[in-house]
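Going in written order, the chains are labelled A, B and C, and every chain counts its residues from 1.
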């Protein structure tokens, strides 16, 4: 039982981490809190479902096409709805992203309805059994892919010039502008990257759990919570926050109460942030005078 | 007549990432006098002002306001205790009118409770009228009386700076800190500001001005503190400071490097 | 912002008061009553989100808190109105303060997360706990407004009570807005540094404003419970959050009068889209996007400035 919980928690945690990275990168790179981010993940689950279940495409093909589709949607959303914004107020922009997310959810409901849909697994075959815990092949693919993604993100942000520019812009936007980091181009890049991450997370989590038009809000809430919990200003923040969240959710569902796992986990996050406002990894926090 | 200083700095220092912005700064300010804080660019004048007014977190050394150590006081508390300031980049409430901006400045002394706002209509309106009148007077003191109903965000630069002074005065400070108040002011306006500061110090206010405008400084300041590379290199009346070799060198260095 | 009487708004309230004389349809009165309740909720939200400029998304939860407190106390425990109303309002104030204080100790969007999480927690808890909170079924049989021996049995009397509540809310918020409290709130949105420079303790001020806005949201919930006499968790979910945000955006962030008008208009939307349930999110989402892109200052303020702009065009050669 404990092992099963650890497996579930780790899988969930890695998904949350990848989604949280997408949220954090846009927040740090463009100072936009994208509340529509969760809808991109939900969209990915639904597209994967359609491609693999309805159209019968091979799972790997379906995953790749899903990711491409979500990246494309991400690009369109950024160009059509974010680039033309005339206000600078972060609150108004956050509300705009809520509008975008709501619109996306509405479209998803029109196309796929409210149902919870089950997609075929990514890798067919019997689940692995390990000391009483069962791990499906799709789980394994999910975990492996997430680890690769996180490692790749680390490399991108610590080794490549592009990654460093984004980080620099996050820390000091004025200085970054002087050095030639252009705001619009940065925004497109981070949105594309976030779309990529949402697409991967959604496509791989659909066969493990389910696809549904209503799952977006939950994803963005978890992503936001994980990002802040780990520490918005630390690169590894989303990873730590996501893992803590996933494991906590699994433990709560297993040992305390499955019905109340959401409120309990969220209450824990609020409490943790009150005690350590700069996140579990600590770091500089702007204290209000 | 020995008075104790209203503001006292002792060995104040602050480093950002191993770079000492300010170090070993100590001086005393007394009521009813006008002081100027000058120095070449990058000397740490605004940083020092930020330290004094509470906008910098931790610093070494100690600052006392009327014999009370204020090192762990928040910036807003320092305002409530009589320390007001203006900023290099004006921090006005752009969506409010100039009059409303000044009215905001009455905050430290407002006694309006929510209950009185909601229940006593006549007294509420009378109070508001009184506040409006006082704010109008303050605007006129800084020469902005005609702009009372203009949105602050639409005012030209010079007026914005004067408006910020009016708002600072509304808090009824005993210590007024001004960060480059003459920037954007014409010669006549600067003189007008100088006369205002003299009136205020005559009424007992202590004024500390960070300025680059030398004629203004020499005309108005009774004592000058010179900062260079974060340290106090000279203190005294305008005559002494002008002829101090270290001061000349500091500014000469600035001229040589093409700055200012 | 002075206390000049707003004649159009007075006329609006008079017209709304005359509504029962014009139509006998209970449906119309219910819709209008709900519109007024949502107007109160939206104006309360506007205080913290628009005027003070803080990212707060807990309005649906405080609306629910007020409604559930009222419902449980009056339906299950027979508390009289003169007890349930103050309790609902105080509870909103206290919970608001407790929620906001730790969230606001740090800058940034912590309040957004905490309020979103609180909304989620609230709907989960009232949805999952049967028994006194009614679970997914909700709470039925809530008594109507009653004071002394008299109770508001007819739809018309319930409507007038809600109307009175709406007038009280509007007038009190207008007064608050025109007072020092309102100026401090607006200062928070324009310049936190400037607010600090006039001696405002940012955390204390934001918590206070949040708590006051929570009281209005709870008040709307109180009215809702007695007006509808039935509540369920679905009335306080994220859909309501978005609907109210739309009202504030349409009305113009910070513009109490605009939000009143915007709320009344947008309250009609759910009635129009009732038959096309899936369409609602598309409409609200699309509305938010279009308004923020084209009329970010709000639809009502934009309409209000049309006469001025026409005058300028006429004056120009």
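Side notes on the structure shown:
What we mean here is this: a residue touches a chain if its C-beta (ideal position, glycine included) is under 8 Å from a C-beta of that chain, and two chains touch if they have at least 3 such contacts.
Because the structure is a prediction, the values reported are computed rather than measured.
This structure's chain pair with the greatest number of C-beta contacts is A-C.
Using the mean of the Cα atoms as each chain's centre, the chain most removed from chain A is B. A simple rule picks the central chain: find each chain's mean C-alpha point, then take the one closest to the mean of all protein C-alpha atoms, which gives C.
Note on chain placement: the centre of chain B and the centre of chain C lie 41 Å apart, centres being C-alpha means. Our note on geometry: chain A versus chain C, Cα centroid distance of 31 Å, whole angstroms. Measuring from the averaged C-alpha position of chain A to that of chain B gives a distance of 47 Å. Annotation for chain B: residues touching 2 or more other chains are 55, 74-76. Among the residues of chain A, those in touch with two or more other chains are 287, 289. Shown for chain C are the residues that touch two or more other chains, namely 196, 202. Looking at the complex, you find that chain A touches chain C at residues 33, 81, 84-87, 89-92, 94-96, 98-107, 109-110, 113, 217, 221, 224-225, 228, 232, 259-260, 262-263, 266-267, 269-270, 273-274, 277-278, 285-289. The touching residues of chain C, counted against chain B in their complex, run 1-3, 172, 175-176, 178-181, 183-184, 186-187, 189-191, 193-202, 212, 254.
Contact residues on chain C toward chain A in their complex (touch as defined above): 49, 53-55, 102-110, 112-114, 116-118, 120-121, 124-125, 128, 192, 196, 202-203, 238, 242, 245, 249, 253, 278-289, 292-293, 296. By the touch criterion stated above, chain B contacts chain C in their complex at residues 55, 74-77, 79-80, 84-85, 87, 91-96, 100, 103-108, 110, 112, 114, 117-118, 124-125, 128, 131, 167-168, 170-171.
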